[in-house]
Amino acid sequence: MKKTINVGMIGYRFMGKAHSNAYSKVGMFFDPPLLPVKKVICGRTESQLKEAARLFGWEEYETEWEKVVRRKDIELVDITTPNSTHKPIAIEAAKEGKHILCEKPLSMNLKEAKEMLEAVKKAGIVHMVCFNYRRVPALCLAKKLIEEGKIGKIYHFRAQYLQDWIVDPEFPLVWRLRKEVAGSGVHGDLNSHLIDLARWLVGEFEEVVGLRETFIKKRPLPVEEKKLLTGLKARGEREMGEVTVDDSTLFLARFKNGALGSFEATRFALGRKNGQRIEINGSKGSLLFELENLNSLWFYSLEDSPELQGFRKIQVTGEVFPYARNWWPPGHNIGYEHTFVHIVADLLEGIEKGESPSPNFEDGVKCQEVLEAVERSIEKKKWVKIEEVK
Amino acid sequence: MKKTINVGMIGYRFMGKAHSNAYSKVGMFFDPPLLPVKKVICGRTESQLKEAARLFGWEEYETEWEKVVRRKDIELVDITTPNSTHKPIAIEAAKEGKHILCEKPLSMNLKEAKEMLEAVKKAGIVHMVCFNYRRVPALCLAKKLIEEGKIGKIYHFRAQYLQDWIVDPEFPLVWRLRKEVAGSGVHGDLNSHLIDLARWLVGEFEEVVGLRETFIKKRPLPVEEKKLLTGLKARGEREMGEVTVDDSTLFLARFKNGALGSFEATRFALGRKNGQRIEINGSKGSLLFELENLNSLWFYSLEDSPELQGFRKIQVTGEVFPYARNWWPPGHNIGYEHTFVHIVADLLEGIEKGESPSPNFEDGVKCQEVLEAVERSIEKKKWVKIEEVK
Amino acid sequence: MKKTINVGMIGYRFMGKAHSNAYSKVGMFFDPPLLPVKKVICGRTESQLKEAARLFGWEEYETEWEKVVRRKDIELVDITTPNSTHKPIAIEAAKEGKHILCEKPLSMNLKEAKEMLEAVKKAGIVHMVCFNYRRVPALCLAKKLIEEGKIGKIYHFRAQYLQDWIVDPEFPLVWRLRKEVAGSGVHGDLNSHLIDLARWLVGEFEEVVGLRETFIKKRPLPVEEKKLLTGLKARGEREMGEVTVDDSTLFLARFKNGALGSFEATRFALGRKNGQRIEINGSKGSLLFELENLNSLWFYSLEDSPELQGFRKIQVTGEVFPYARNWWPPGHNIGYEHTFVHIVADLLEGIEKGESPSPNFEDGVKCQEVLEAVERSIEKKKWVKIEEVK
Amino acid sequence: MKKTINVGMIGYRFMGKAHSNAYSKVGMFFDPPLLPVKKVICGRTESQLKEAARLFGWEEYETEWEKVVRRKDIELVDITTPNSTHKPIAIEAAKEGKHILCEKPLSMNLKEAKEMLEAVKKAGIVHMVCFNYRRVPALCLAKKLIEEGKIGKIYHFRAQYLQDWIVDPEFPLVWRLRKEVAGSGVHGDLNSHLIDLARWLVGEFEEVVGLRETFIKKRPLPVEEKKLLTGLKARGEREMGEVTVDDSTLFLARFKNGALGSFEATRFALGRKNGQRIEINGSKGSLLFELENLNSLWFYSLEDSPELQGFRKIQVTGEVFPYARNWWPPGHNIGYEHTFVHIVADLLEGIEKGESPSPNFEDGVKCQEVLEAVERSIEKKKWVKIEEVK
């Protein structure tokens, strides 16, 4: 029989579902050295939590995260809660010697991220941040081609992450739209992904300048929020709340290696549902990736003979490609949630070896540095060097 | 606690993996009335079977399918073995009163299919054939639009299923290339899917005329085959075997409602990995579906104002769409294997209600009629009416 | 000063416009050995003809084609009239020793085509048939790659030519829908293009089997037709006429070299405006061309390393590519009408050399053989060999 | 007989060819009130000029622009020369009372542009700047949809203009890479187009911040340049010259109406030949245009029912669409050069009416304001308001 590891997961909504699925599937498709046991799931609203525990297949549930973190039988703590809670949970879990998988962005700000990194280092535990797109097989191929020199010197990194789920002004003021819970809007939610991928694929940032906007300033309170919040004035018959995060943040960047970067994240691009689009241009070739078609990578090579040069659509499926080979034959697509299975497979191997795979809390801190530099540049209306925020 | 149902699955390779995954996931995403228990998996090669049982999470394994079928605790028999074995297993399982999920095509030929249908009818059990593409959300949307009259009267059904995995003449003579095991080549493997979808989306066939070819007539025996087969002459140093099935089969069709059909299946279309492409043209609109981009449906509507008419790419993800809504938010893709989860979800509901959801053995028989009419047309080199083969 | 050649063009509508444009532009972009002079344009309706002569820049106009053909100063006769008139004009022009450019299909049937070929051979003049798509730069690249062996042995030729301009039952009974003028419907109009391209890219046909349909059997007479036609019964208040050609014709084919072909032409594919789509699969690679995106060719090569294989979109623009190089820099597209300029450029060179470039009347005859074999197969409801119609 | 207008064109290379073609074709396809006569073409190198005059069909040629501008018979002066010469030619032509069509960007800088505008206003002549993309039918449709409110309030304008023709470090130092002749690199060449389109489609700019880079600092002198330039040191055996313009310029923008803009122009994006890509997101819909597929516009509408929402690809061809309707039936594409025919058609109508169609020198000045604000922002490393450069 294989060794097992008991997991305690804090949070049970969108990410909780994705992570639960990953723990269920990893054994079947990746044969990891440790098999995760879905021991206990944790949340605040018992009725919903209980239902989640049943559906997602967790043995037990618990309404106080502190208890989960302190349970002797729990070896891995998985944090999928809103951003404002990442720090306290992670620091406490580290103190208790638990390994940690934490959703992105790592924290509310750079200061918190540094404290968290210090805590996990001190504890000597294995840690990861769930920037799941690093494990899309098509992006892994992009990384490989860059490392092999197939793209040459990189000139441009052009990244957009476009969504449209809050274009309707009647969409309510959910937690992701409140700064005290989310830290920021699209900047932390979507630009953090782009920054992490840029660091991985291109290298470290030198300086940035940004622009942000909140197009809809007030939104109706969600039903549950009305009970929690106070001090809000009714506008007509509806109670409205202020949107305190960015609907859209764009920035330009210069990388340390001389490449130029263009970044944009928004929730106001109608028709773009999960529209992450990344293009890289180098001296020898180009790459294009689109998340809404995540099984493909477009590659253009100057090494082809002139009459044969063109962007080719590589179907990154089947046995030729890492991660993809664990699933199905060529042309049989994988979906969004598979990236979490890949994260968990590598995390389990990391735990077995005692090493923290990338992206880990170090990467979480560096991402936060860039996020914060962009924010400072917006406030100052000028370029800001990354080192200025360290 | 929810009711459970014990499953015995015969076969453990590609389809065995896909079905095992479906049993694991259905509870988490669809909350079916019965929860499947992966009781026993069955195959002939014990060493491999044992490993599959462990990885896929089956409680027990068994090397003789007859034993599985006769076990009192098994309530659902799932047949994922090569085509030549479908009939004996299904008929025996029906006799034992087990519900049946059978991989496609239902059988080696029409005669077998009819015997199987008779057996399940007589036994009164719930039966399904695993034409999984009927449960791609994008194709479900296609069905809905057709039923709502959005396409109008259908003029054309144009379907291709293109693959390329045996273009290399060195690719060995696997079971799918031998008539005595597979029944036919691409015709039963791929055209069967297209025929099932055509029947579902357009209606019944009237007459057909076909064309087939085996481009590579002899192939090297696979290592394991060399031990099993006898009477083969060595060509040079390698033992070669004859390919006894079609590499490619095309046919034209006329439907009973007057629509025209064009069908093509091949394993010799380089670059097409799982290249199913279906276009439907009607008096009010058109539809296009491509399996390698399975989360989308293209729709053209004559009802749009003239300057706004164009094929639109609908992302069939998120809460608006049946099946898709059980997974992730808009733009977060699902993959190939999810279609099997949808099949199992509906099968479990069918078992609870005592009804056999479509496509079931009736559909399997009707598909076989068309397959066989095409084969007869090829032999006679002329058009053949479906009723001629009944 | 450059030598000139006087052109007399019969016909002045869609094709007359496209050919007039070609004569105007060829000098500027191709520097041919002879400069065409738009001497006289010919048609039956003087008022419209006069306007066309003015707009298209012809020096004179003439309402009787016999006069044009017999004028001493005319050296090249260009036939852009409906199909029923091709034969008499061409044979008379040949007798007069004029070079001929004739629109496709060459004639109403095989018999006529053979007579025309005999006439031009006897006259020793230079002749061409205006299958213009042979001179799309992207298809020229396809031809080159095939000749270089980049595709290997061809297994499949898959061709569709889809349009939608007569889906509306109120669309009137224009000449293209009447057999006595057009010869056939989509078969001669669109399949002729596909057959010509297939012969050029793959080789000669061996046998065919087809299917055709006229979805809308009666249509309102066009205003001008009402005056010309007699013996039609009024249906309600409108005068209707019978559609005597095919709305759609599909066929399967076997080529002499063993390749399989699938062909479809229709005017009932909503959303497809000029939807020619050709895919070729061979033992080493595949090609895909779509006329609605005519500046690109898709190419898949088995010679790429496994992880880099994918359909690449080659932009066939700029100095690397024949014909394209005469126009604009890379990425600056050409349009539909440019193919006629290429035809004329080669025709003028042919005239100077005394050679008939392909496709010429020989190709016109061979195309007609295939068209006619398909028609016979439809009548007989079985496969027909090309040699059976010779 | 129709009225004519005599044209004198300065410059005879890429743009000279495109404009010559426009004068040749406009009569045939647009029936303008005035027919242009290609009277005299002007350039400095007589041998090449003479050849151009012959090929492009100009009656005469002239090596000094001053003479052309002063000829009594010339009524329209067309300026297609390098940017450094626009101002002197235009001002002199205006003094002589000639109408002017000037290539973009209007001038080397804002100061020049203002002087030119003043000159044409004073002279009372008709003037246009050849921002030809305003007359791509697909972008005209975009404009119409925006004006009709189909996109709603605009949130985002996202524009890239990517090329790759100087990625090779051996590509020589042509005039476009020297500041004294070109004024700037991609900024004036490509961003000027994007800015003009943004002003037309979205509105005026409020403020900008930019980033630029010259990736290859020195390049080999072209053969002809070696004779002209002096004072350059040989590096090894080759004479090299300094690239004095930007290879790439990016900027962020805020529009006066609150929309956010992202702009990028580069000649270092391998695989992008003429890769202009513009996306607009509003409160009711989105638009996407790609110049390499210029006959299409993508449109997403929130007004479609939820299950039918998707980006639709509108083929902007055929009689439904302005400009497009003058060419061919639906699905028969036009090319790059057709946009110049549209410009000339409108210019001739403007001359007849005595009005300067947009974009004219006013637009040229406003474009230059934005270009210059971006440059100042780059120098200052901070946001700059457009009014600061006025």
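As written, the chain order gives the labels A, B, C and D, with residue 1 at the start of each chain.
Rule of thumb we're sticking to: contacts are C-beta pairs under 8 Å (C-beta built on N, C-alpha and C of every residue); 3 or more make two chains touch, one makes a residue touch a chain.
Owing to the predicted nature of the structure, the values given are computational and were not obtained by experimental measurement.
Chains that count as touching both chain A and chain D, per the definition above, are B, C.
Between the interfaces B-C and A-C, more contacting C-beta pairs are found at B-C. Centroid to centroid, with C-alpha atoms defining each point, chain A and chain B lie 36 Å apart. Separating the CA-averaged centres of chain B and chain C is a span of 41 Å.
Chain centres here are Cα means. That of chain A falls 55 Å from that of chain C. Among the residues of chain B, those touching two or more other chains are numbered 272, 300, 309-311, 315. Here chain A touches chain C in the complex through residues 141, 144, 296, 298-299, 301, 304, 306-315, 320-321, going by the rule given at the top.
Those residues of chain D whose C-beta lies close enough to touch chain A in the complex are 155-156, 158, 160, 162, 164, 167, 209-211, 213, 215, 248, 250-252, 254, 258, 260, 262, 264, 266, 268-272, 279, 281-286, 300, 302, 309-311, 380-383. The part of chain C that touches chain D in the complex is made up of residues 14, 17-18, 20-21, 24-25, 27-28, 31, 55-57, 163, 165, 272-275, 291-295, 315, 317-318, 327-338.
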